[in-house]
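We just call them A, B, C and D in the order they show up, numbering each chain from 1.
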């Protein structure tokens, strides 16, 4: 998927017009220029970022009191406004970039021998850490999409996965090679069982999976609040509404903490990528995937060919739930192994919808767009308060908007239609 | 990796300030009309009091964000870092142990390890409040002011910083019933069973209003919402219900901080902003502190706000009784206990 | 060509309807009914359920023996189940299900209100329930108008936020609550305009746009909230007055519920009727439904599919924006970040529960409002059921209703499918 | 109206669907367009009706060049069209479908149901097209839906040019006769008509002029006196045999036994009402009947998609009760569904995937739950060669194929595995003469290998051409079983429920509570 190129754009937006004087290979320049002005998926992604960051720049200027004030006397001394805006924007975006990819200060210290290599990796580690749950929820939504189901319930599935993994994580006393896999599996099973409910309801009564999923999300969130208050789950030592912490033997090992203890990225990322590969394999190579896709595209033809629709719905939703449940396990046994709270799940399930759609319900695309979201989140977190959190939210929304709407980018920038036509997310009804 | 030069990458307002105080919020952000907001108010107060202090904050959306935010604050070269919320205690402790050159403070919590066990540190100042004491007085006032004999409280979520208010409130009412032979009922919180009415949200003011309407229809004429911004719903419910229904606010003096002063009999205050301000100023003076501050009636860290518009309505007799109760609490002859009370230092 | 020239009447199918059996549903209802009977006999002896009319006749209360009522309702539920098992005319199935579900839910209510200290304050509870169902009505009606013309609107939550924010802002600036309401509608409409444009002109996946719009609205309103917080007088609470219909408001039960409510309730109920009428009785409605069901058919008859969709979606935004104002102006509240608390998604569910029909939406919204109100009332009265489970009530009841009663809800066939003129 | 097309061209990307087409339709002329599936006929008509914009060329009406931005303009210019793919809003009533776009209102946009109903009745009265204005379209048999389409086209304000794109594909013989008569009447009154059909007899019977299109180009202009085989070879570009060669059947043991089958629809209507039928090995039984008399439900019940409320089905001597569709397919039940777009193909799947849609779990296409792509591809390559499926590659999506080729994919899928009994529902609907010839000969070859075949067709020609025995279905029952040489009149009468045959024990409106 082309989306993998996305993360490097913020630093220097490529100038669309390379009007260099000398042209040693005119044909190449022309081809390249043509490529740049064409609405192919790579360029659309790049331009989406550029456009979103332009809009973000305007918001930044508006929100910054000092810079805004320089505009009040713009006609008297325009350079003030210019310099203030330029500095503000450069600083803000550098801050985002530094939080998501590479911190230039750290780089300097590293080159000066003052910081270790691990320090340098921290922004990337954060990006990967935040991307991990999104890979799972994105896959959960994406897989269901392929069967024609709109799994808006990844949030609830993730919550149940979290609880399942947590319970096995603190209540059993086993060696790590047994405990950890069991806890991870418990997350998948809990999420899978919870995810199967809308599937079963749809198969048996026709109840729309969107309604049941929305209801179950709310039920799951409330159930978590209640469960955290019970003596079984509630921390024995802390009075806040936080769960027991999982045993050492069930904590997902970090991958890079030997380089630097603050590198939080853990085994869940590997599991996530494995899950993506597995989902890809499942969809494109297995008979189960064949059936899912057939049912998703045309349930009537699938049924006529002898496939059972109801059981496909149920199993697909269960599989999707298991994926989201793994995401929950990744949280409960990973970054939140010290105990989960009522908002550990954040909105990972809902973001999974955007991740899945942006990744065109394709495992590869889902991983790529989860990385984009992870980078935005990590960048936003570290760039505050220079970049207010709400601006980061807006920035995220605009980036996704443009990427999802190549036709819009094409229209705004007057790009050419590429040979194969525009690649738009395929639309599907309820 | 300690002792890095302060980076000058953030060109803030006090660009030439030499002391940087940073705050890491709990979820909710700095405008949660609750402890994050109060703590930030304290930070800003410190900055306006001393030009040489520059303050900044980082918001956490959940517990997973604490570590990176604390780490980023250290990396940004902060000299003093305030973590808000007991949930962050272990994270602040870990960061403090790793960065002994930086001062830390933890609001509503004390240094502890991941399992919650206390930890010895040299650079963590713990700021806690025994708000049961101020809520106790508020409960006593409520019991003295109710016409219907029924008052109500409800919370945002069943967590210690909330239930401690409700416990104190319940005990204040019980005290009034005992001393004055009244039979004032408290709806919404059963102190013995530790069960009650919670929205499970600090934001949903509309739900707060409808919950309050329900209490009013069940006869309550004084409402005590402990729910940050969602608590505003109780005030609008009281306003719509007319003169008969009033409320008592928490955390700050609601007469100043909300638009519903005329409906507020008093407030059970928690002097968070002052405590944070003092901590930052002390840290600037090189006295970052390593101990526990517990705000009480005695040190005026918690208090009951003035009656403002209700000054005439509250009888002198009641005022005298309140003074006596306050004195009794301060001298220890009256103990207000809540399971959520901070452990005495 | 040797062809039979005898008239070929449209084949009339035999119209003898066989009694249909619904084993699964029947057994479920029978078991639930019997369960109620057992519960009544074992737990409810001597209990009473108190019902009060609390606003018009403040001292009128009735104590009903819980045992007898629950026993009776349990029997009704079980009998409905038995009827289904024995076989019943197909067209009676819905009625029988409705009777069974209603009896079951009523029995639960009587049971719940038989606890010590609980009183069913009929007027407060019903009036509150009606008021609480309003955001769902507006949100779901907005969804209906969009989706009936084939555009999925998953961004109701965002439109709520925009309406809630702008309503208060405009009311503050102009000092008029009615200007605020208008502002809320326009704000809602502006945000759906983006959906309309992207869905029709740029053919973007509508679910994505909806999700993005929610995010944009959240970011935008939060951002503006911070900006405006710096100044005074942009975000003060305004309240919509209660409209009392004189003597009508004094009728017991009906009065406080229907004739002494805020503007939102009247507008909401009227809009249900209006949207229903527009949808099923006017040219616009016919075309709208055609465009949502089979755009190519509408196109081939000269209906400009994308233009109609565009304006419908824009108009739907007015409704959702008005519903957004409920959160602030309707509840006399100032704006607060993310104050809509996910109710936009519930409105989406209400729309589906209501089968994309305004009357169904009304029913779905009322179920939601009523159960929410009951949950709050029971919690306030000190029910022994944990508050979280009470709060689950509306969601659980919706699940039960959808699975047990509504069954398969069929979306408009072209819902969510962009229309390219020239496609087959 | 005089219509003239000059150099009309339509390109879809790099593919040219219509290439430089010149055509003239004189006022009052019935102008037939012939062509293979995918020749570009519908595309041409869609340009005329404003649905598609021509890539180049011009359309002249009465000498004036026109350009339509949408069907609205075409309607305003006096053009009406009956589309090949129904453009009916399923949940709408007939009246609503007819009034859509030109509603009858009582002012202020409020619909007048009465006026709409009356308008439908008026038009159907005038042309003898009986319709119930209040019937819901999706509940109507396709034949009736087609009538609704025709009424829609005729209800235009001043229709002077009527485009009929395969209007007869789903009509009964009697209805076809009627429609042809209506066309003649309209033409006589001055309306120009463009008529597309794959049924050459009709074209012969009604056309004033015939234009043949192949691969987007006009390849011939024929007079109505041209013979069927002349037309066929002009279309296909080679000689086509219109006669099916077959030897007398040699029926063996029963392969399908249906006894007293009753199916009650969700709406509570008995769609099959005690139907009994036996098909033996080595014979083709043709099931004739007006569509909507239970054929669909019978086929679905045989496959196991519909649960019988009473009665028994046995396939290949085995009671089918409790056997899932997958099981029945595995046991050798072949099934060609009547609605290929809905039930036959997954349009987004590749041709190769569609060719194994009901066999993907069997060896050699998968092992241990993993699909063997090479085996699937090999099957596709073989099938494409054997069944002459016109596709660019096995990986091409099925939706890119023309209707005839899509049908061949289904035929290939069913004929490439061992089977004992075959249900073929409307196997050549909308398929051109070349492909029809091919499918017919495959069906006969199939019979000759000993398979039992149930041929469900609403086209009597097809039934006559293939069936060894004819059963007539009416109102969910078999109302007569006759030999292949029974006169059309007799069958036609049975099809509409008139008791023409002495041996039928049915009296049409007996709705007993028999069970």
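Keep this in mind: a contact is a pair of C-beta atoms (placed from the backbone, for glycine too) under 8 Å apart; a residue touches a chain by one contact, two chains touch by 3 or more.
Since the structure is predicted, the reported quantities are computational estimates derived from the model, not experimental observations.
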item	value
Labels of chains that are neighbours to chain A and to chain D	C
Farthest chain relative to chain D (centres taken as mean CA coordinates)	B
Cα-centroid distance, chain C relative to chain D, in whole angstrom	43
Intercentroid distance (Cα basis), chain C paired with chain A, Å	32
Rounded Å distance between chain B and chain C, as computed from the means of their C-alpha atoms	38
Chain centre separation in whole Å, for chain D relative to chain B (CA means)	75
For chain B, residues that touch 2 or more chains besides their own	29, 200
Contacts with 2+ other chains: residues of chain A	222, 225, 229, 389
Junction residues of chain D, two or more chains touched	none
Touching pairs among all chains present in the structure	A-B, A-C, A-D, B-C, C-D
Touching residues (chain side chain A, partner chain D) in the complex	285-291, 293-294, 297-298, 300-308, 421
Complex contact set, residues of chain B against chain C	29, 31, 152, 154, 187-188, 190, 195-198, 200-201, 203-207, 209-211, 213-215, 217-218, 229, 232-233, 236, 239-240, 259
Contact set on chain B toward chain A in their complex	1, 4, 7, 9-11, 13, 27, 29, 56-59, 61-65, 67-69, 71-72, 75, 85-87, 90, 98, 112, 114-117, 157-160, 200, 339-340
For the chain C and chain A complex, residues of the former touching the latter	24, 152, 198, 201-209, 211-212, 215-216, 218-220, 222-223, 226-227, 342, 345-346, 348-349, 352-353, 386, 388-389, 391-392, 395-396, 398-399, 402-404, 406-409, 411, 413-418
Chain A residues within the chain C interface of the complex	59, 62-63, 150, 152, 201, 204-208, 210-212, 214-219, 222-223, 225-226, 229, 350, 353-354, 357-358, 388-394, 396-398, 400-401, 404-405, 407-408, 411, 424-430
